[in-house]
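Consider the two complexes below, in which chain A is the common component and chain B and chain C are the respective partners.
Moving on, here comes the complex of A and B:
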């Protein structure tokens, strides 16, 4: 199967009597799929699926300003329907993440490298404010540690690791041989820009820029846009949310109004597979309609809860990997209802 | 107890981070014991703890201007000396701040349901 634990979308995970090759996040998702499952609820009372969907439709009809939030764990097909739904009811969309890097990537302003290219060719690998070890646990074994076509001698000789962070993260602790840790501060971006153009900067930055000259394939793993990215080499966007890149792509294709919850006077939020109470500081609690396979903080206080399937595990579809490669999901289990079906029924009912 | 609390009080910059084990526990059950164990924690550098007399595993009250939670203290060098680290979660979302006051406390850690109750009431 293709693991949907994070945006690495590892395609070598095997599920039989055991779960093989998955990282701790993927294994937890697969092994605990039957734990804490959501049930259809309306105003805190259990109901059946049809009534929950009907109540969601009624609540959306009665709302003035709706936000559709999440969609980072849904398939491209579900995202597309959600965006059609947003258009129909003039709702705002938000996935709770930043847009700057995704926009530059989709505009073609920044060069993107696939994980396979990174494995085969990359020499300098810079992890910019990104703790791969915790956020996308198998990313380094698929790139930095792996031997590739032009990188046969292993990471200690054929790679140069740079970790930039405000603290010594677990990834930063790996910066030993042929590697460097740089503590982030507000001047660092400017210093990289200057050093790449031949100017002066701190010793560590000059060291990295010196290493860049040893290869024409260097890469930055980052989730923010860096103005020196093209001079450095390539980018791999590292948003760990499984199909966040898909959200940006579908949004670009379908069009839609982006709105931040904190900036709008929203009265109803349709949450798809996410948990705003975990992510967003809420000053007031609006009406929540939650579509989620599992019990979440938001589902506990939601007016309507509609249980769904876990994408990739119980329902198929397509997702975009962090490097924008399209992956067709191969679910080992089956579910009668999923995000696509639920959103279609809501769309029809409105 | 109250006297000890005055001694062990410290203002720190709060950083949030993603912890793989915590994310894995969230994928299992956000109201389960494993999630609380992985999430209701605050990490400070061992040197900072030594200076201010905090011990690994003790219960700590983390306070902002108008909100507070109880979490378990973990000592680890992944935290910078002038900062506290907490996994990004409903706990940090509830605190919603970049600076916190930490002080010694007794009792149990705050459960996610306690925060939800607080949010719904306010």
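Moving on, here comes the complex of A and C:
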């Protein structure tokens, strides 16, 4: 199956009596799939699925300003329908993440490398303010440690690892041989820019820039836009939310309105597979409609809860990997209802 | 060495070894048992004996190559599986290329989100007694350790 624990979307995971090759995030998703499942609820009372969907439609009809929040863990198909829904009721959209890097990537302003290309050709790999082992655990074993077509001698000789962070993260612990750890400060981006143009900078930065000349395929793993990205080489966007890249792409294709929760006077939020009450500082609590396979903080206070299926595990579809490669999901289990079906029914009812 | 420090250090040879030092080494390799050291079971060494028994509990968990995996710390990243030189040689398309290991009896394999020791007989430490530490060196959470370093 394809693991949907993070945006690595590992395609070698085997599920039989045990879960093989998946990291702890993926294994937990699969092993605990029946734990804390959501049930259809309206105003705190249990009900059946049809009346929960009916109530959601009524609530949306009565609202003035609606925000559709989340969608990071849904398939491209579900995201497309959510965007159509947003157009129909003139709702805002938000996935709770930054947009700067995704905008630049989709505009083609920075070059993007796929994980397979990184494995086969990359020499310098820079992890910029990103602790791979806690967010996308298998990313390093699939790229840095793996041996590729042109990089057969392993990480000690054929790779140069750079870890930039404010602290010694788990990823930084691995910067040992042929590697360097740089502590982040405000001047670092500027210093990289000047050093790449031949100027002076601190010793560590100059060492990294010196290493860049040894290969024409160098890569930065980052989730923010870096002005020196193109001179450095390629970028792999590392947003750990499973299908966040899909959200940006679909948003670009369908053309939706972005709205930040804190800036708008929203009266109803349609949450799809996310937990804004846990993540965001909300001043006032609006009406929540939650579509989620699991119980969350938000679903505890939501007006309407509609249970769904876990994408990739119980329902199929397509997702975009962190490097914008399309992956077709192969769910090992089946579910009667999923995000696509629920959103379609709401769209039809409005 | 820590075990040796707690032994009586009299080199009494009652265990059949020439020195207490060689007894300590054989104890870790499981060639000797703690009961073979007769003076240790006398009342004056009781506290030391208890300490050694505690240490040997860790040894019991270790494999023949001295590998100890702390599953509570492991995050299942698979670095150890991918860097293992034997895996790369035996399974270049699988573990060598960053995927899950595909051979039937690998040394390590990630199961249910944590790394498990499947079969150490392929390990370089087992066959050639090479002091290879590739898996331990690339574990971000120090979930893998070898007995000689504990």
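A few remarks follow.
Quick note on the criterion: the second predicted complex is superposed on the first by the 350 of 350 C-alpha atoms of A that agree within 3 Å, B and C clash if a C-alpha of one lies under 4 Å from a C-alpha of the other, contacts with A are read in each partner's own complex, and residues count from 1 in each chain.
Quick note on the criterion: a residue touches a chain if its C-beta (ideal position, glycine included) is under 8 Å from a C-beta of that chain, and two chains touch if they have at least 3 such contacts.
What you are looking at is a predicted structure, and each value in this text was computed from that prediction instead of being measured.
Using the contact criterion defined above for the overlaid structures, shared-chain residue A:300 touches chain B, although it does not reach chain C. Shared-chain residue A:14: touches chain C; no touch with chain B.
Using the contact criterion defined above for the overlaid structures, shared-chain residue A:240 touches chain B, although it does not reach chain C.
After overlaying the two complexes on the shared chain, residue contacts for A:137 are found with chain B and with chain C alike. In the superposition on chain A, A:278 makes contact with chain B only, while chain C stays out of contact range. With both structures placed on the common chain, the touch criterion links A:22 to chain C but leaves chain B unconnected.
Contacts of A:166 after superposition: chain B is touched, whereas chain C is not reached.
Of the two partner chains, chain C is the only one that A:145 touches; chain B does not reach it. Taken together, the two complexes place residues 23-25, 27-28, 133-134, 137, 170, 173 of chain A in contact with chain B and also with chain C.
Residues 5, 23-25, 27-29, 32, 35-36, 131, 133-135, 137, 166-170, 173, 240, 275, 277-282, 285, 294-297, 300-301 of chain A touch chain B in their complex. Put simply, chain B touches chain A in their complex at residues 15, 17-21, 23-32, 77-80, 83, 85, 88-90, 93, 96, 112-113, 116, 119-120.
Every residue of chain A that touches chain C in the complex is listed here, in rising order: 12-14, 18-28, 31, 119, 133-134, 137-138, 140-143, 145-148, 154-155, 170-171, 173-174, 176. The touching residues of chain C, counted against chain A in their complex, run 74-79, 81-83, 88, 92, 96-101, 109-114, 137-138, 140-141.
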